[in-house]
Amino acid sequence: MYRVRFHGRGGQGMKTASRILGSAFFRSGFEVQDAPRYGAERRGAPMFAYVRAARREIHERGVITRPDLVVVADDSLTASPAAGTTTGLDEHTVLLIASTETTRTWQDRLRHRGPTLALPIDPADSASLRFVGAACAAAAAQLVGVIAASDFEAALRDELAPLGEPAATQNLELGRATWRRFEPHAGLVREGPDAVASISERPDWIDLPFDAARIATPAIHGAATSVEVRTGLWRTLRPVIDEARCRHCTWICSTLCPDGAIEVRADGGPRIDLDHCKGCMVCMAVCPSHAIESIPEATADAHAPEELQP
Amino acid sequence: MSRTLITGNAAAAWAARLARVDYVPAFPITPQTEIIETIAGWIEAGALDARMVTLESEHSMVTAAGAAAATGVRVFTATSSQGLLYGLEMIYTVAGWRAPFVLVNVSRGLAAPVTLEPDHNDVLAARDSGFLQLHAATAQEVLDLGLLAYRVGEDERVRLPAIVNLDGFYLSFTREPVRIPDPAEVDGFLPPFESGGLGFRASRPVSEAVAVLGGGPYSYFRYEIHAAARNALGVFEEAAADFEARFGRRYAPVETYRADDAEVVFVMMGCFATKAKAAVDQLRDAGQAVGLVRPRMLRPFPGEALRTALRGRRAAAVIDQNLSLGFGGVLYGELAANLCGLSDAPILASFIGGLGGRDIPPSEFYAIAEAARDAADAGAPPEPRLLYTDAELREMRRLQGIAAAERSERPEARR
Amino acid sequence: MSDTRFGRIQDLPSTHLLGGGTATCAGCGGLQAVHEAYDVLGENTIFVNAAGCMTLLSIYPFTPFRGSWLYTSMASAPAGAQGVRDALDILVAKGRIPPEEDLNVVVLTGDGAAYGMGLSATSCAIDRGLDFTYFCYDNEGYANTGQQTSAATPRAARTATDAGGAGAPGRKKDLFGIWIAHRPVYAATVIGSEPLDLARKIETARGIRGPKLILALAPCPTGWNFDPARLVEIGRLAVSSGVWPLKEYVAGRVVHTKLPRHRVPVEEYLKLQGRFRHLFEPQRNEELLAEIQADVDAYWADVE
């Protein structure tokens, strides 16, 4: 069975990517199961989708814990353990990351024991960012090596049709180009084995102890515990305040920030809470002195993501 | 302490009064309305220091009850049938809030077709919700089980709301002698309401009833409700022992009547079980070893006590005043699971009766006992019987004749 | 507005009470209004929530509140508010808690519940004279489930259930009018892009006992289909075009707190939103645009 996971942010087209691949497998004669999974169902929040394909009826169900291929459409997700991009990776798994950075950079950075590939994104070409879902699907279809070009093309058309024009054709062109680009890697992904009963791990069952109602009901006794959730990781654009232009006007940005992520310092200047700013850019739009600009989040800090477990 | 003649509904109201409840969110529905009217009168007269608020639906009423209990006051409410089902979303929800209070359900058959008369399908719809569930057979029991429900539900080992059920009409509107306990004695039995570390206060912020994502955490919270409900078995025994010491009346989760040496037992809940007691006496007089096993507690399910009562009997005739449509009797199904695998379990014979208040006359009890004994002799359970007679069918046909009668188009042409 | 503590925008709180890290969309107009209101309401507040987008503000174990919160159901948040309010009153009256432990009870609801399923509980809570604030963030659809049409959806808006043709066929229900027919002690419309007006109205509501409505238009980037950065621009256009009148009902009278002198044509507001794009592309739908403008004109003709 082929087991593929796509990771992205809400709005990046990972559900469509999984359906393109699922349809392509189906047209090629496979039994298929594909589905999206959302955490918070919000634009910008991490989500994933998955595809199973096999030559016989598929009985497995639910999230894929032993993937043969993991496709990451937004490389910033590799820095977020909650996004789960590396769950279940082993030396057999092919890891494909859509990125402006190179394959070599990602190999060195993540030290994944299996094959690591970059799907190139050209920052100068906005299409490569907007239609990254189609590109991911194309690369994945090529990497499994068992899908005919005509079946892939037909699946692309079917799944992109609801987008209407011109989006459908733009996605189609990028999908085709990516399909051709990944021809040298055809078949890199191999089917993974099924679980084997004799070697499966024993579940660590316990008898759940009785807990006092105060903690055994979904009540949160702390104030503002949400600050531990770093929604700053949703950002693709970062607002930056030019201190020279900021006139400490009347803290308009602080009031109008929807998340209340801008506070006013003792000296009267605004400070953006980058742990929680989601990058909506309302502050930039409302600043009367135009003292706020946006920069791409990907290049905002020149530091590497945290070390990950393989 | 002398006894007074009061209805089952009045006994329910007395439980609320003696428990010194603070808050009574209400909504009227037949056949429970007398309960809230009685309480309203007492509040008006200054006999009960509580606030009664009429909500606009039972869904809102249960929400208000749970929210007030979650804030930290002792709450009483009552409903029936359609009202209970209208609020059922919130019945499940407030149990998950771990907000203890007592809801008296006056049992009434469910639409369709709509009826005012009793059976148990309404209260049984709540059996999976996390509420404790107690079934009263007499007006005295209504009052006493009401007090026990507060004591058990508020215990820190439980912290769950409870339903006390009484049958409409045959108990709700029927007067019986009841000993009303002395309020000071009840104060000794039932301490003031404690909020158990939950409750909304300016000095301690809390976000309650929040959403949970992930099967692991969700399962934890649901399993904990189950564990609390199971704890209620032991807590009830303790409370019942204290109740007996103070008031002289003993309540086991399962009542047995002349069952110790019975060959055949009836198994029933609610006030029609007293009719079964009458039949037991009559059958014993006729030389048959018959008894009654009556669950007072349905949730938590008193499995151990039921096995003790039923093992070694040759047959048990389970008379369900309810019908799980497409399956059969609910109590029957739960007992079958409870007794599964025991080598000395009785043969279970299933009977459905009393729907919509349909009477179960003595002759039916005798025939049921005979059928159960025959089943024991045959070593095999009989087909479930839905109690219904030929005479009833003939009457039904007559009514259908009227309902379907053709009328001529011009009224003046009729003779 | 002479004795308000919010005279100028500098008077608005500069640290914000609501914690960050919640799961609302980037650029959420509802959250903008909620956080502005919370700054004025203060932490001695309990939000009693009806099912909607804001329900996911608190996902175990994370909550943004420094005060309290109780999620109830979709239809019965006002009844939950009744239970909490009555219980607090009883606890104070019976001396079981000191008065300082009391809380303001605020229902937090979206339009989905407020304009539909929750109307019965809301109406009867007002009848009972419940002392509570009913804060409705109105993003004009069942947004949490993907922006299906609700009774708050305006004419011609495309939604998940009116995805083609001329968009939603009905007209937006007048919730403000329904509320004031009940003669509450206070009702007001607000919007996050007018923070001073919003703060003053919350402050006014805090000072009155009884049932109070705060109805906040909540422009929704995800459901209305616009770049989140335009949140405030669209909010201001909602007001300057006259689509969203800012008004108060107090002492039996409706008073507008902002009277747009020269109303901007309504299409300036509509054309920035993807849900109305079909009115402009592939060609302009002059008939519908004229109808929408006429509806707005008719409203203000009654006011002027």
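We just call them A, B and C in the order they show up, numbering each chain from 1.
The rule we apply is simple: a residue touches a chain if its C-beta (ideal position, glycine included) is under 8 Å from a C-beta of that chain, and two chains touch if they have at least 3 such contacts.
Everything numeric here is computed off the predicted structure, so don't read it as measured data.
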item: Any chain that touches chain B and chain A; value: C
item: Chain closest to the middle [Cα centroid of all protein chains]; value: C
item: Farthest chain relative to chain B (centres taken as mean CA coordinates); value: A
item: Whole-Å gap separating chain A and chain B, where each centre is the average of the chain's CA atoms; value: 52
item: Inter-centroid spacing, chain C versus chain B (mean Cα positions, whole Å); value: 43
item: Centre-to-centre distance between chain C and chain A (centres being mean Cα positions), rounded to whole Å; value: 33
item: Contacts with 2+ other chains: residues of chain C; value: 43, 56, 58-60, 63, 65-67
item: Residues of chain A engaged with two or more neighbouring chains; value: 39, 218, 220, 223
item: Multi-partner residues of chain B (at least 2 other chains); value: 205-213
item: Contact set on chain B toward chain A in their complex; value: 96-98, 156-157, 159, 196-198, 204-213, 220-221, 223-225, 227-228, 231
item: Residues on chain C engaged by chain A in the complex (per definition of touch); value: 8-10, 12, 14-29, 31-32, 35-36, 43, 56-67, 192-193, 195, 221-222, 227-233
item: Contact footprint of chain B on chain A as seen in their complex; value: 39, 208-214, 216-221, 223
item: Chain C-touching residues of chain B, taken from the complex the two chains share; value: 22-23, 25, 49, 51, 53, 55-57, 59-61, 63-73, 89-90, 93, 200-203, 205-213, 217
item: Chain C residues within the chain B interface of the complex; value: 43-44, 46, 48, 55-56, 58-60, 63, 65-73, 75-76, 78-84, 86-91, 94, 96-97, 100-103, 120-121, 123-124, 127-128
